[in-house]
Each structure stands twice: as structure tokens, then as C-alpha cells.
Amino acid sequence: MPSEFKIIRRVEFSETDMVGIVHYSNFFRFMETAEHAFFRSIGYSIVSNQTNPPVGWPRVHASCDFRQPLRFEDEVEVHMIVTEKKSKSLSYEFRFRKLNANPIVEVARGKLTVVCVTCDPQGKMTATHIPREIAEKIEVAKPL
Amino acid sequence: MPSEFKIIRRVEFSETDMVGIVHYSNFFRFMETAEHAFFRSIGYSIVSNQTNPPVGWPRVHASCDFRQPLRFEDEVEVHMIVTEKKSKSLSYEFRFRKLNANPIVEVARGKLTVVCVTCDPQGKMTATHIPREIAEKIEVAKPL
Amino acid sequence: MPSEFKIIRRVEFSETDMVGIVHYSNFFRFMETAEHAFFRSIGYSIVSNQTNPPVGWPRVHASCDFRQPLRFEDEVEVHMIVTEKKSKSLSYEFRFRKLNANPIVEVARGKLTVVCVTCDPQGKMTATHIPREIAEKIEVAKPL
Amino acid sequence: MPSEFKIIRRVEFSETDMVGIVHYSNFFRFMETAEHAFFRSIGYSIVSNQTNPPVGWPRVHASCDFRQPLRFEDEVEVHMIVTEKKSKSLSYEFRFRKLNANPIVEVARGKLTVVCVTCDPQGKMTATHIPREIAEKIEVAKPL
């Protein structure tokens, strides 16, 4: 059962800052891009009406440890694994590896915890059980 | 009647790129920030249910000419004027001035055209007349 | 001789806004991503020390006309063509097409003009002739 | 001696996502904006040549816990305190409060650890002692 996913992206110019490295806030965007690709890999979109009621996945915790910088046009692999599956939340870990280094080097590690919610018409979010059809497709990975 | 607005912002670190200057896409964010402050100044939010039906303002044209770069911690004044008010659209011009230069220098000029729309439940947008209570509060400015 | 390039990207969650569509400033990021891939296709990076002296390419004009919105997970093709090659500047046009529409639909058109510059140690930019080894690899495209 | 700082910002349209709330990556931008204002308050810029040699402050750890969403035009106070001052690093904590709520509500808490570095001409960073003139102006705050 799916429990991990890898994406590769090339660092874009607009993701760099005046120090010449990827601005750290972008690592959180990259994590999410891997998560969303993981959801597509199991047949779902992170934002959709595929379940009844529709559910959303706001982040309740995010962290990242940065070891080495990424620079313009670097190729970075974002490797996501599912580390916890509770009735109403999922947790992930991420490894960022710079592929155009020799040898390939891990540049950062991240974590996310997301909660499954329903939204009322005013936008108020309430935690809810992960729909069974989604939960059945997600497995906790072996630790890296 | 209101026809212009000025905001001042300090360039943030995350708005710079590896060349050490403000990434050009941010000038379009800055224009919008001035527009939204202008709307607040006449008692409206650019996104709200204050009118019946609610209306939105997607951009149909945006342009900018860049003369000099902005850098981290520069103070920039964004001066917006209304240049055209049609039944279903508004056009603006923008002057960007670097206030921490001596003398103060114009660094960029921009233009936006936005259309008043309603959205159906699926998100499809249809151009509509600007609600009278909004149109009555906006006047075309004298050219700069 | 190379005179155009196409890239495809999938709209990311962080590129959407509260209206549910891609924020218009991102179209300017997408244009640049196509331009930088074009430069790589001719053996250069848009930011490098490959020439002596090193040159940069600040934007002096950018514009975009928006016809239809893009949404989360849409696949967009950005087709860039070189429309003008002067001694110190290049101009491009861009067509944005939504590939996951049936039929495929053009959603936006953009333009960029960039100037070739050298930078002194203080970061001051001065327009300069496009290095011959780069100019020789770029040709003006036939109009679309 | 300075050990904390508060800034207030209004949520901008481009900071929202399709769910209608501030994209979580922006909380990391907001933290940094408070940090940079704190540095200005003690007479320094986070990026400058004011010390010999010049120093930079890359992030080595960042985390945030999200309790409630922020929305367009919300006013958020970012309260930063210095929680640790080591010879080569600083740690901060952040409280995000939504000021236009009644009562005012804490919406998120964050942490950052930044390391003082020098850069060689190739951009390689090496951890270094915090320059005395800066260290003397920063004090660890009482816990919140």
C-alpha cells in the first residue's frame, strides 16, 4: 500500500533570495508539492469533492532542519514518507536531496502534520475522521 | 470623490532574488496591495459579500516598466490612480517611487485593468456591471 | 537556430489565491521559467559566469493579458518565442495553454523585454552588448 | 537590552490560497520580517557590511504550530522573543495574534534558529562567532 512518494524539481530563479540561496519558506512549498503528488498517486486530490462530505487538510505542524543551501537550477529530490496515520490526522517526514551534487547530498529534513477537516459554508473547519476510502489507501512507511 | 491612493512598504528579504533586487513579479503584488487599500478607503473590500450579488475583480491586463531596481529594506511608495471607469471594468496606473533615495526617484510604472464579475457556484465568472454603490465612490483621476 | 521553447507545469496549491485561481503574479514567474529553460537549451544559464564579463538580464518591460483562469492541478503549457533581438536586449512573447481542457484553450498571453547588463561590485547595472557567443545562438522566431 | 520585538501586518490577497486562508509558508515569511525589524531596532540590518567581516544569518531550524487560520485583511501581530543566544547562533520564538478578533486570539506559534556565518567569494558559508557589537545588543528574553 502506498506510503511514500518522490518528486524532483529544479530550483527556479524566483525561489532564490539576495543571499543567492533558496529562501527557506520554499522548502515548505516543496514539501506540500510532494504530498499533493502522493495524493494524486492514490487517486485523490488534496482539494476535491471526491468524498462525501468533501474534506480538507490544513497543516497543524510544520518543521524543517536545514543543513546545506540549495541554489538556482539545482535539482532537488523531495522524498516523503507517511510516519503516522491517526483517525483524523496524518504525519509525514521529508528528505531533501541535491541530485546534482557528487556524491548526492541530503540538504534538509522536514515534518508535517495535517488534519482532516470539513468546512461549513462560512469556512469554519472541524476535524473529522479520514474518509475510509482514503485511509484504506495510505500506509505508514518503514522508518528511513 | 476618491480617485487615487498611496501606500508605502518596506522591501522584505523574501521579495529579493539572487541578483540582490526585488523580483519583478512582486511589483504586481505591490500594485494590488495599493488597489486593495484604495477599496478599503472607500468602505469596501476587494473580496466581500457587501454587494448583492457579491462581485469579484479578476485582472485582465497587467503591465509594468522597470527603470531602476529596488533592494532589501528600501522604502517604496506605490501611488495608484484610477485612469478609466467603464460600466464593467476599472483601469489604474501606478508609480513606484523609492523614498530612501536622495532625491526620491521613480523606479517603475505599472498598469492594471480589472473586470467586475459574478461567480456561479462552480466558480465560473461572468462580467457584470459595477454595483452602483461602488461606482458612485470612484472617480477617474486627473492624469499624473 | 533556437528561437522558441515550451515548458509544461502543473499548477501548485501555493500558486492559487482565495478566489480559487492562480494568482496573476505567478504568470510572470511562469514566463521566466520558460525563458530560463530556453537559455539552458542553448547551453547557458540566465545567471552565470560563462561569459567574460558575466552578464545579467533584468526585465525592463513585462505585460500579460488574462483570458481564462487557471486552477489547482491544471497543466499549463508556456510557449515562448523570441520576437526581437537587438544589440543589448531581447523581447519574447508567451502563450499560455491549458492542456487539461478539451479542446485545449489559450488562457493568457504575455510579453517580456530583458536587457543585457554587467554589474559593478556595488551592484550597479549597465546595459551592454549581448555576448556574441549567446547572440549567435538566438534567432527571432516567425510570428505565431 | 533588546530581547523582543512586535510587528503588525495586514494579510495580503496574494498570501491567501484556494481554501481562503493564509498559505502556511507565509508564516515563515512573517517570522523573518519580525526578526529583520528587530535587527533594525538595534541598529543593524540582517544583511549588511556593517561588521568586519560581513556576516549572514542562514536558518538551520524552523517550525510552526498552527491553531487557527488567518484570512484576507486580518491584522496579525507577530511577537518575537529571543530565547537563546549562543556564541554562533540565536534562537527565537514567535506568537501570532489576530488583532481583529474579539477577544484577540493566538493563531500560531513558531520557532527559528539562525547561525552567524561568513561567506567566501564562492558563497560557501562557515559558522562564526556573533560579532561582539551585535551580541552586546541582544539579550535573552524572559519566557512568555
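As written, the chains take the letters A, B, C and D, and residue 1 is the first residue of each chain.
Keep in mind that, in the parts below, a residue touches a chain if its C-beta (ideal position, glycine included) is under 8 Å from a C-beta of that chain, and two chains touch if they have at least 3 such contacts.
For clarity, every value in this text was computed on a predicted model and none was experimentally measured.
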item	value
Angle (degrees, nearest 5) of the CA superposition of chain B onto chain C	180
From chain C, the most remote chain by mean C-alpha position	D
Interchain centroid distance [CA atoms averaged], chain B/chain C, Å	23
Between chain A and chain B, centroid-to-centroid distance (C-alpha), Å	33
Rounded Å distance, chain A centre to chain C centre (Cα mean)	28
Interface hub residues of chain D, defined as touching at least two other chains	13-14, 18-21, 25, 29, 32, 47, 71-72
Residues of chain D defined as touching chain A within the complex	18-21, 24-26, 28-29, 32, 47, 56, 58-67, 69, 71, 119, 123, 125
Chain C-touching residues of chain A, taken from the complex the two chains share	12-14, 29, 32-33, 36, 40, 45-47, 72-73
Footprint of chain C on chain D - complex, ascending	13-14, 16-21, 23, 25, 71-72
